[in-house]
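The following pair of complexes shares a single chain, subunit A, combined with subunit B in the former and subunit C in the latter.
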Partner chain A sequence: MRAFRDFCRRFSRNRAALAGIAILLLVFVMAVSAGRLFPDDPWDMIALPFVWPGQDREIWLGSDMLGRDLAAGLFHGAKVSLMIGFVATLMAVVTGTTIGALAGYYRGPVDDLLMRFTELFQTIPQFIFAIVVVAILSPSVANVTIAIALVSWPSVARLVRGEFLALREREFVQASIAIGMGDLRIILTQILPNALGPIIVTGSLMVATAILTEAGLAFLGLGDPNIMSWGTIIGGGRDALRSAWYITAIPGFAILLTVLALNLVGEGLNDALNPRLKNR
Partner chain B sequence: MMSDPVKPEPILVVDDLVKHFPAGEGRVVHAVDGISLELAAGETLSLVGESGCGKSTLGKTIMRLYPPTSGSVRIRGQEMANVSRRAMRPLRRDLQMVFQDPFASLNPRITVGRAIEEPLIVHGLGNGRERRERVAWLLQKVGLPADAAGRHPHEFSGGQRQRIGIARALALNPKVIICDEPVSALDVSVRAQVLNLLADLKAEFGLAYLFISHDLSVVEYVSDRVAVMYLGKIVEIATRDQLWSRPLHPYTRALLDAAPIPDPLRRRARRPRLEGEIPSPLDPPSGCRFRTRCPLAIARCTQEMPHLLAAESGHQVACHRAFEDGIALPPTATPAAAPEGPALRALS
Partner chain C sequence: MTLPLAQDLPLTQDKQPSPLPAARAAFNRLPFARDLRFVARRLLKALPLLLAVVLFNFCLLKLAPGDAAEVLAGESAAATPEYLAELRARFGLDQPVHVQLFHYVWKLAQFDLGYSFRHNMSVRELIMGRLPATLLLMASALTLAVTIGAMLGVLASNKVNSWRDTLISVFAMLSFATPVFWMGLMMIVLFSVNLGWLPSSGMETIASGRTGFSYILDVSRHMVMPVATLALFYVAVYTRVMRASMLEVFNQDYVTTARAKGLSENRITFRHVLRNALLPLVTLLGVQMGTMLGGSVLVETVFSWPGLGRLAFEAVFQRDINLLLGILLSCSFVVIAANILVDVAYTKLDPRIAMS
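After this line comes the complex of A and B, so read on.
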């Protein structure tokens, strides 16, 4: 627990990371309160189209070209972005860690097999691959999440493999073998806790990438047609970009802020978890 | 090696153990090349040699941290070199290891108490309370305060950490502990403390040590017997007193010569120093492996590999020339040789 307190102290010294946390909290509050503040479906056409922000007190962020409330879309979209971002990342991290840990721990033929398999996924450009997967599986929230996880896990696997390759040579791992500890126990209780730092950092940055990928898919019309996401709003506003740029700018700014916040937090975690910089 | 029928079965028997590492392109590192040795209960056998001679690899192969290429290791008569990992586990209770680097051999994320408790958990010994009691007892045995159990390794000094490593090795009540350079990473000031602790524990628990070291002064202090290794092979094995008073292998003599004697009055007779580097274990020399650096090498040494042969009781050497007449090997240290150099002048 001392180590955890040390970590908190180092993390809280980083102003940018704290700002990132604050922005993320804000987005989280938006997501949680969306259903309460905007109980109606964000797809409902409740106003005149092309109402600019501030024109109407009822719809303070304006309406899009079909008269849908942009504020409602923004809040409900936060829910979608965060959920897909975190769930897809969780799936990618679990898969990647499992495969990377096995490859790095057992080395040899197991490593070769698992890494060739991983490279199979890495040879295809991530975003194109995600498009193909969603196109095949049909666009739904679950499938978009799966597609994003599917294109994200290889980098985690490579990272974890590298950590395991290095850590398994350390004497404390040999000491664990010497006392007769089994492989699974060594992987889970000895090596994994020491590899957690880089995994957490990568994971936090991966959430940002996942949110961007989701927005990109939705922008291309490959999002779940029943779900209002930030990418959907941008995609819809694209046609009116010259006359009503606010439709794309508002959700675009939300994406920018969220991704920036995640990167700041990731950097902060990296500094706080990286032992080499401990005495900076 | 003929075992005397009266003698009890040695507790650890290593028989023709080989460990080769593949080095790519079909090449092979001959790290350990046919080593046989026996360790009696309560005995300390030291393994000495230059870095790269394979002594640590030998220790780790005996410990099955590396799978052996061939050969046999028996602990209390039970084969452990080629059994499954499951069958290996109970045998590990008799054979434990203390590692070289006390900073690397403890998991930084695990408390000291947990690290010492782990062997007991893995082997399913005792319940939580009994294990904690044993941890406290072990901490006291190695001279650490009881509250050390709740702290992390980074809160301890090198010497204290090595005590933790020793407590972990002791947890299962082993018969044999392989000590892989246990003090070479420590400050000179705490070396003696750790060596004395090892000696006390040996006396109290009847432990046998396979003590791996390159430091002859340490080896002279701790050993009952000493095996000298060169390039994956044992070149000489003898009791400590035999080896120091009458080293037979030219390599042993070179090693003993190279060790500094902290006494200007005991100057050595000048003998040719050992030259060159230890050859690559990728491509060991033919015949005697030491011949490329040996001052006594003859044609026979390039063709014929010398075997360990008994020179006197308990003293074996692998050298063609050790048994020749006329090459009587003198004792290494010549007490009070001719006064020479500034050291003595300064004394007078």
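After this line comes the complex of A and C, so read on.
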């Protein structure tokens, strides 16, 4: 408990990380309130096309080339980005941790086999792999999430394996083996809690990457055709780039802020978990 | 100091002496002999990975809805079951899966990646035609990113926690968080639409009939924005890695010795620290190859750059899964090749690695 309080104290002293938390909270509130503030479908055409931001008080962020409310798209897009980012990361972290833990704990042939498998996934260019997966499975929120998880677990597996290899040699683990504790129990209750710090830091950075990947896929037209996401708006706004660049600029800026916030939080977590490294 | 060369050949050690000792000795005296052997060993190690990638691609191909026969029949809009069966037989799609896999591997061994009916060209020709543009884009972006990233990293590490360090960190943080394709689009708005300085798409001015120097200048003008866009993210990565790496080397004993000898701070930074701090950057080059290929899909789409990425984008739209998988496979090969090159570069930079 004291360790946790220390961690909170160190984290709260990091102003950049707190700013990151604030931005993330804002995006979260946007995502949650999207349905209430903009109950209509964000695909509905509710105004004249090409209304610039600030021109009309009713649609304060303007409208796109088909007269859809950009603010509605932005709020509903926040929901999609956060959900895909977090769910894909969760899936990748669980998969990566399982594979990395098994490889690092059992070593030997199990390690060889699992790491070869991981290497295969690291060799295949990730974004192109994600494109192929979505193209084969057909674009939908679930498939985009699966594709992102599928390309991002290897880095977690590598990290967890390294942690397990190191922790396994420590005395408290050797002691657990000596008193006859089962493998699963050692992995889950002895080693994993001690490897959790780096996993959480990597996870927070992976959410950022996942959001960028989702936006990239949606920009290429591989997003769910029924869901308004930030990348989708940018992809559509691209056609009107010359006359109405704000359609592209606004959602892109939202992505930038969200990803920046996640990076700040990730770095803050890292500094708070490894206080000695900070002022090296 | 010099190790006996026979130690590099653990395979031949326990066998009979080579029948051609003189030839072998002569070979060993060639300046590149060690490198060649290293590359050969490294290629051998990459072979299982290569096969795994091929097998993986085959599985994806089988997972895709609609086989080549259905695609072709759909094209000609005359899909009687008899016609489909005939096509399947012609493509060998009626064979058991393991036979199909064997055919797939056999065709790949002859560099046959299949045929794209949408483009009416073999996939290999399509990819080979587009590869140079992508490699040009990537090589330029990498060079730019490494140069600027290393420079910024050195500048930041020279005065840790100063305003300069903070400024560079903020810049790196922002570039790290910016979506690549959005950056490209915003650059088009600024530099093409508003200022009119740079062309917004393509690789050269169409039908301008330029030659020689004027042609090179034209292509470079088209390259500025795509290269800068693709490089930006990696500038951020290399800046951060370089800064951390420099700080680590600065703490080593031999740097203290250099200081004690009375060397100037500049000389220590550039001659003693920089060289050793560059090693992690080289490692990163190999790791980043795959992500950069992915990034180039977005950048090429934004700037209509006629490379592999743009081809992948077109393949997605035309539902040309075979072409898409061909691209994925070729890109994986590029990554494997890049990693071997990085390993060779590494042994050149740090001879201790070749020994192990």
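Keep this in mind: the second predicted complex is superposed on the first by the 274 of 280 C-alpha atoms of A that agree within 3 Å, B and C clash if a C-alpha of one lies under 4 Å from a C-alpha of the other, contacts with A are read in each partner's own complex, and residues count from 1 in each chain.
Note that contacts are C-beta pairs under 8 Å (C-beta built on N, C-alpha and C of every residue); 3 or more make two chains touch, one makes a residue touch a chain.
Computed from a prediction, not measured in an experiment: that's the story for all the values here.
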| item | value |
| --- | --- |
| Partners on subunit A (subunit B, subunit C) - clash or fit | fit |
| Which superposed partner A:194 touches (first subunit B, second subunit C, both, neither) | first |
| First, second, both or neither for A:238, with subunit B first and subunit C second | second |
| First (subunit B), second (subunit C), both or neither touched by A:260 | second |
| Touched partner set for A:185, first subunit B, second subunit C, both or neither | first |
| Contacts of A:176 with subunit B and subunit C, given as first, second, both or neither | first |
| Chain touching more of subunit A, residue-wise (subunit B, subunit C) | C |
| Per-pair minimum CA distance [subunit C against subunit B, superposed on A] in Å | 9 |
| Touching residues (chain side subunit C, partner subunit A) in the complex | 48-49, 52-53, 56, 60, 63-65, 173-174, 176-182, 185-186, 188-189, 193, 247-248, 251, 289-291, 293-295, 297-298, 301-302, 312-313, 316-317, 319, 321, 324-325, 327-328, 331-332, 335-336, 339 |
| Subunit A to subunit C touching residues, read off their complex | 116, 119-120, 122-133, 135-136, 208, 212, 215-216, 219-222, 234, 238, 241-242, 245, 248-249, 252, 255-257, 259-260, 263-264, 280 |
| Subunit A-touching residues of subunit B, taken from the complex the two chains share | 60, 63-65, 85, 88-89, 92-93, 96-97, 99-101, 104-110, 118-119, 122-123, 152, 165, 168, 171-172 |
| In the complex, subunit A residues that touch subunit B | 2-3, 170-172, 174-182, 185, 189-190, 193-194 |
